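Shared between the two complexes below is chain A, which pairs with chain B and chain C, respectively.
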Partner chain A sequence: MFTYTLRRLAFSIPVLLAISLVIFLLIDLAPNDPTANLPLTIPPEIREQLRTGLGLDAPTHVRYLLWCKQFFIHEPLNLLDGMMGNESSRLRLQSWSTHTPVMELIAERLPQTLWVVGLSLVIGILIALPLGILSARHQHGWVDQFGTFVAMLGFSVPSFFLGVLMIIVFSVKLGWFPSIYDTTHRVTDWHSLGVQLRQMVMPVTVLALFNAAQFSRFLRASMLETLHQDFIRTARAKGMSEARVLLRHALRNAIGPVVTVISLAIPQVFAGAIITEQVFRVNGLGQLLISGIQSGDVPLVQTLTFLFAVLIVLFNLMADITYGLLDPRIRYD
Partner chain B sequence: MMGNKRSGWGLATGVALSLLPAATLAERGAAGHLNILYWQAPTILNPYLSSGPKDIEPASLVLEPLARYDETGNLVPWLAADIPTLANGGISDDLTTITWRLRPDLTWSDGMNFTAHDVVFTANYCISSDGGCQQAGKFSDVTRVEAMDDLTVRLTFAAPKPFPYGPLVGVETPILQKAQFEACMGAGAQSCTAQNTAPIGTGPFQVTDFRAGDVVTFEANPRYRDPEKPGFATVTIKGGGDAISAARAVLETGEMDYAWNLQVDPEILNTMADGGTGQIIRSFGTPVERLMINRTNPAPSLGDLRSTLKGGPHPFLTDPAVLAAMSLAIDRTVVAELGYGAAGKPICDILPAPAIYASSANDTCLTQDIDRARHLLDDAGWIDSDGDGVREKDGVRLSVLFQTSTNPVRQDTQALLKSWWAGIGIETELRHIDPSVFFGGDPGSPDTFQKFYADIQMFTNFFPGTDPEAYLNNWTCKSIPAPANNWLGFNIPRYCNADYDALAAELAQTSALEERAVIARRMNDMLMQAGALIPLVHRGDVSAISNTLKGVRMNSWDSELWNIADWTRAK
Partner chain C sequence: MTDRAASLPPLHSRVSLWRRFGRHRGAVVGMVVFAAITAAVLLGPFVWPVDPAQIDIAAKNQSPSLAHPLGTDQLGHDLLAGLLAGGRVSLLVGLVAMGLAVGLGTLVGVLAGVLRHWDAPLMRMTDLFLSLPLLPLLLVAIMLWRDSLRAQFGPEAGIFLLIVCAIGLTSWMQTARIVRGEVLALREREFIIAATALGTRPLAMIRRHILPNILGPILVSATLGVGHAILTESALSFLGLGFPSDVPSWGRMLFDGTNYMTLTPTRVVWPGLAITLTVLSVNYLGDGLRDALDPRRVRGAAR
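And now, the complex of A and B:
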C-alpha cells in the first residue's frame, strides 16, 4: 500500500503540471481583458499602458513560466520564510484587481468557506447516513418515501431559488435569521456563538440539503444491493440482531462507493459554493473565483483553479486508499 | 468673481450644517454604527489603481480631493481654501496655470501635517507610475506640478485650459499622503498592499480592517478637522451579492442603512419600497438614452461608402419634417416609466445637466402629439398613396432600420417606438446586436455602433465630471467615424455644421462659467433643432436609504458618500 501511494503521488506531479498548463492556456485563450470593466472614460491608450503594466505584452510561454516560478518556487519559499519569521522580498503572486498577494486573499476567504460549506457537508453526511440505511431497510416504507421526497427536492430545487425563498420567509417575513453573512464576526462567548450559528443556518441548510440528497441516494442504492445478498440472509439466519446485520455486515460492504462520492465532494468544499455564497454574501472562495473571472484577474483564477485541481487529485488518491482500507479484498500492491 | 460668490455660499451652508447637528448631536460618533452595502465589493482603496466606483467611493471616506462637486454639480472647495478662478488670480491670464491655496492647519489621520508637498507628490505619483495609474488621463496635459510654499500648489498645463479643474478635483483624484506612499512610486505601486488597502487620509474616517472583495470597516478619524463630525463612530461597507438583494436588505429587512447602485426592474423596486424600512433615493448626472439619426446613406449598394459623408446624405432622414414628426410621435414619459422607473425621466436635451447647462428651448417634445406629427408629414408631401400604411414621396418609402444593443429594456423601447411610428405611417424594422459586438469597436465588424449600417440606433452616452466641452466636441465634423480614421470618433449621426464647429472653437477659448454655459446651451439647441439626435430618457442613479438615516445628499457628480461626515441617525 505504501509503495502504491508513493507511485501514485509521483505520477500526480506530471499530471498536475499538465493541468496547470491546460488551465493557463484556457484562461489565456478566453477573451478576457482586465481593463474591460473600467469606466468608458478611461482612454484606450491608458488601457494599453495598464495592460503593459500587468505584463500582458509578454509572450504566452514567458507568462506561463513566470506563473510557475512564482507558484512553485517563490510562494513555498515565502511560506518557509514566514514560518521562520524572516521577511521575504521575493516577487509574490499578485492579484491584478486587488494588488494583494493571491495567497493572502485565499487565506482571508478560507474560514467562512470551511465554516459554511464544510459544515454543510458534515450535516449532509449526518442526515444521509440514517436516511440511506433506513430507506433501504424499509424499502417503499414511509421513511423511504420521505427520503425520496427530500432527495428529489434537494436535487431539483436550485440553490438560487431555495436561498432567496428562505431569505424572503425567514429574513423578510419572520425576521429570524440575517440575510447577510458577517465575515468580520468573531466568536468569543456563548452569545456571539449564537449569532454565528444564526447567520449560518440558512446557507448551511441550502447546501446540506443538496449534499444529503446526493449521499442518501447513493447509500440507499448500495445498501439495497447488499441487503439482497446471501451473506445477509446467513447473518440473519444465525440470529444476529438487526442493528448488527445492518451496521456490521451490510453497511461495511455498502459504504465503499459512498466513501468515494464523499471524498470527491471534499475538494468541492474548498471550491466554495459559488451561487449560495453569492445569495447570502458569504464571500468565500467561490465568490473570490467568480469575481476574479469577471474582472479578468488571471493570476487569481489560475492559482485558485490549480489549487482545486491539486485537491481533486489528492482526494482521488485518498478515496482509493480508503477504499482499500474499508474492503480488505482490494489490494493495490 | 464666480469663485468668491461660490465660496461665500460654501461658507454659509457650512455654518448652517455645523449648527444643525450641533443642536441635536453635539458629539463625534454619537450616531453609532453605519452599515453600507456596495453589492460590487470594493477590492482596493487606492483610486489611482482602480477607477471603478465600487473602489473609489469607499475610498472617499478616507481620501479627499482639493475640491469636489456638490449634489447640484457646483464645485466646492474641500482641502483647498477656495476655488481658483481668473478673477481671484488663481488661474493665469493665458489659462495655462492653476494655483491652489490649501486650507491651513489640516492634519492627516496619523497626526502629520497636510502640506502642498503631499499634493505635489500625489500628482507625480500618478504621472510617473509606469502605466499603473488609471487616472493618468486626468493629468495628460499637466507639464509641471510645484509647491510654491507649504500651502500653495501650482499646476502648469501644456496648452490653455479654460476648465482646469480636472486633476486633483473630484472623487477620482484625491490626495495621498507622501510619507505613506513614497516607497510606492513607479513599479513599487503594485506591491504596496498595506498602503493600497488602508491609505492614510484627511477624511472623516480611517480604515480599521480591509478584506478585498468582501468587507471594509472604518472608524471615525480622531483628528478630523470638524470636532463634531463625523456623526457615526464606525462604518462597515459590505460587498457581494446582487442589486436586487441589496435593495431588499435596506427596504425589506432593514439590515443595511444604505445600498448603492440599484439598477433593478422598476416594478420589483417599487414593490420592495413598500417594505417600510427604507426609501429609494435618486439623482441625475449626465447619462441620456438617445436615438442617433444617420444623416448619411447606409444603403448596402454603396459598398465601402455606406454611412460615410462621401456616400451622400440620407434619402429622407435629413428632412426636418420627418425628424420632427418621429420625435413628436414618442411618448417619452411612457418609455421612462416602463423601462427605468425611478431611474429615468423624460428629456428633450442631449446635455441635461448640471443645471446651468440645461436648456429649456426644446421642452415641447415632452408631450406626445400624433396628430401634429401626421400633419407635419402631410405638409411635407409624405403621403401614403398606395394604401400599404407607409408614407412615400418621389418613390422613397419612409421605412427605417432601427438597431440597438441586446438588452430587455431597449427591446421594449424599440417595440414601443415601432408602434408609435407605425401610427404616423413610418415603417420600422427592428434589430438588436450583442453588446460586446455593438460596443466592441472592432473595425472588422459591420455591426458596431460606429459603423452605423442602419438608419437609427439607440444607446446611452454621458460625460464624466461636470464640464461638457469634450462631450459637445463629439459632434464636430472632425469626430465623424469614417474608414480614414478607422471608424473612431463619437459623431455617430455624422452631423457636420460649420456654425457648430465655430461654437466649439469658441468654447475652447472661454473661461468664465456663465459664458461657457451660454455657448454649451446653444450647441445643444443646435443639435436638437437639426434632429441629429432624439433624446429619450435622462437616466439617473438609484440608491436606497434606511428611514432612520439623516443627512444624505445623493450626488451624481462625485462620490455618493461625499458628505458622509454629516450623516446621522434620527432618534
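And now, the complex of A and C:
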C-alpha cells in the first residue's frame, strides 16, 4: 500500500507538469493584449515598454519555465521562510492588475471558499446518508421515489437558477436571509455568529443540495448491491435488529465506493462554488478567478486554474488510496 | 462512474424496445415535454409574431398583461418573444455542441478500441482531459478568443462558434470511454471474428459491423449530452462570458434579469424554468433510453 502510494505520488508529478503546460499554452496562444484595456492616449512605444516590463518579449518556453520556477520553487521556499520568520527576496508570481503577489491574493480569498465548500460537503453527506440507506432499504417505496425525484432535480436545475430563486423567496419576499454575503463580517460574540450563520445558509444550501443528490444515488446503488448478499440474510436470520443489520453490516460494506465518489466530487464542488459565489457575491476564489479573467490578469488566472487542476489530481489520488484502505480485499501491489 | 449500456438489439426486437421505452413513464413524459419545447421554440414566432428586439421604452418593466403575457424588460422588450428566441439559441447550442462532443468521443473511442497500439496514448489523453479544470478553462478560452472570433465571423456566428466548439471540445471524454469499452467487448464476438476472417477492410468493419452495434450507448450519451451542453452554456452566459445581451440565450436572459429581480422577479423565473424543464426532460429521456436498451436493467427493476 505504501509503495503504491509513493508510486502514484511520483506519477502525478509528470501529469501535473503536462497539465500546467497545457494550461499555459492555452492561455498563451490566445490572441490577448494585456495593454488593450489601458487608455488610448498611451503612445505605442510606451505600450511596447509596458509589455516588456511584464516580460512578454521573452519567447514562450522561457516564460513557461519562469512560471514553473516561480510556482514550484520560489513560492514554497517563500512559505518556508515566512514560517521561520525570515524576510525573503525571491522573485514572486505577481498579479498584473494589482501588482501584489498572486499567492497573497489567493490566501486572502481561500477561507471564504473553504467554509462554504466544506460546510456544503458536510451537510450534503448528512442528508445523503439517511436518504440513501432508506431508499435502498425500501426500494421503490415512497422515500426511494422521493429521493429519485430530488436527485433528478439536482442534476437538472442549474445552481444559479436555484440560487436566484432562493434570493427572490427568502431575501426579497420574506427577508429571512441577506442576499449578499458580507466577508468583512467578524465573529466576536453570539449575535455576530448568528449573523454569520444566517448569511451562509443560502450559498451552503444550494451547493449541499447538489452534493446530497449525487451522493445519495451512489449510496443507494451501493447499498442495494450489498443488501442482496448472503451475509445480510445470515445476519437477519440470526435475529439481529434491522438497524444493526443496516448500519453495522450493510453500510460498512457499502460505504467504500461512496467515499471514492465523494473524493472525486470535491473538485467539482469547488468548480460549482465559482457559480454559487457569483450568485451570492461571496468574494472567494471563484470571484477572484472571474475578476482576473475579466481584467486579463494572466499570471493570476494561470495559477488559479492550475490550482484547480492540482485539486483534481490530488483528490483522484486520494480516492484510489482510501478505496484500498477501506476495503482490505483490494490489493494494489 | 462508467455507464454500462448494452448494444442495440437486433432488428426484430425493435418493437419490444419501443414497448420497454413506453413502459418507462418518466421517459415518455420527458420525450413529450422536450418535443413540446422544441415545437414551441420553432413555431412560436408564427403564433406570437412580436419582434424580440423591438424597443418600447414607454412600456418598460411591465408585469404580465394581455399585450405582454410575460411582461417586459427595462427597455420594453417583449419577454415572451425573447424567451422563444432565446430558446432557439439555447437548443441549437445544446444540439450542435452535443453533436461535436459525441462525434469526437465516438471517433476517439472507436480508434482506441480498434487500433491496439493507439489505445494507450488515446486513453492517456482522455485521462489528461478529464483532469483539466474545465469550467475555469472554458471561461478563460471564451474571454481570450471572444473578440477576435467576433471580428472574424460577425458578432452572432462568432460567439456561437466559440461556445459550441469550447463545450464540444471539453465534453467528449465520457462518450470516448463508453464507446471504447463497447468496442473492446464487441471485438471478441464471433461475427466480428468471422468478418475479419472474410477479409473485411478496417473501415468497412467499423461502418458495417461496429458502429451499428454501438449505436445504443452512443444514443444515450448523446441525449444526456444535450442536457449537459445546455447547462454549461447557460452557466457561461450567467457568468457574463457566454452570449451577449443582443443575442440572448436563456442563461443570458436570467443573468440580465437578476439585476431587476426585486422589481420584476418573473424575468428570472421564466428563463430559469425553461432551462430546468428542458434539461429535466432530456435527462428523463436519456434514462428511459438507457433502461430500454439494456435488458438487464429492466429485469433488475422488475425484481
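Just so we're on the same page, the second predicted complex is superposed on the first by the 308 of 333 C-alpha atoms of A that agree within 3 Å, B and C clash if a C-alpha of one lies under 4 Å from a C-alpha of the other, contacts with A are read in each partner's own complex, and residues count from 1 in each chain.
The rule we apply is simple: a contact is a pair of C-beta atoms (placed from the backbone, for glycine too) under 8 Å apart; a residue touches a chain by one contact, two chains touch by 3 or more.
Because the structure is predicted, anything quoted here is derived from the model rather than measured.
Enquirer: Label the relationship between chain B and chain C on chain A in the superposed model as either fit or clash.
Expert: After superposition on chain A, chain B vs chain C: clash.
Enquirer: Have a look at where A:287 lands relative to chain B and chain C in the superposition and call it first, second, both or neither.
Expert: In the superposition, A:287 touches chain B alone.
Enquirer: Which holds for A:312: it touches chain B only (first), chain C only (second), both, or neither?
Expert: second
Enquirer: Pick one for A:278: touches chain B only (first), chain C only (second), both, or neither.
Expert: Both partners.
Enquirer: For A:104, select first, second, both or neither according to whether it touches chain B, chain C, the two together, or no partner.
Expert: A:104: touches chain B, not chain C.
Enquirer: If you stack the two complexes on chain A, which partner ends up touching A:184: first (chain B), second (chain C), both, or neither?
Expert: It touches chain B, and chain C stays clear.
Enquirer: Per the contact definition in the header, classify A:19: touching chain B only (first), chain C only (second), both, or neither.
Expert: second
Enquirer: Report for A:167: first if it touches chain B alone, second if chain C alone, otherwise both or neither.
Expert: After superposition on chain A, A:167 lies in contact with both partners, chain B and chain C.
Enquirer: Can you tell which stretch of chain B collides with chain C among 225-233, 405-413 or 531-539?
Expert: Residues of chain B that run into chain C: 405-413.
Enquirer: Chain A residues touched by both chain B and chain C?
Expert: 164, 167, 172, 278-279
Enquirer: Which residues of chain B touch chain A in the complex?
Expert: Spelled out, the residues of chain B in touch with chain A are 37, 41, 43-44, 46, 49-53, 130-132, 134, 136-137, 189-193, 196-197, 209, 211-215, 217, 236, 238-242, 245, 248-249, 252-253, 255-256, 275, 463-464.
Enquirer: In their complex, what parts of chain A are in touch with chain C?
Expert: Against chain C, chain A makes touches at 15, 18-19, 22-23, 26-27, 30-32, 152-153, 155-161, 164-165, 167-168, 172, 218, 261, 267, 271, 274-275, 278-279, 289-290, 293-294, 296, 301, 304-305, 308-309, 311-313, 316.
Enquirer: Given the complex with chain A, which residues does chain C contribute to the contact?
Expert: 1, 128, 131-137, 139-141, 143-145, 147-148, 227, 231, 234-235, 238-241, 251, 254, 258, 261-262, 265, 268-269, 272, 275-276, 279-280, 283-284
Enquirer: Can you tell me which positions in chain A touch chain B when the two form their complex?
Expert: Residue positions touching the partner: 37-39, 41-43, 46, 49-50, 52-53, 91-92, 94-95, 97-101, 104-105, 108-109, 164, 167, 171-172, 175, 178-180, 182-184, 277-283, 287-288, 291, 295.
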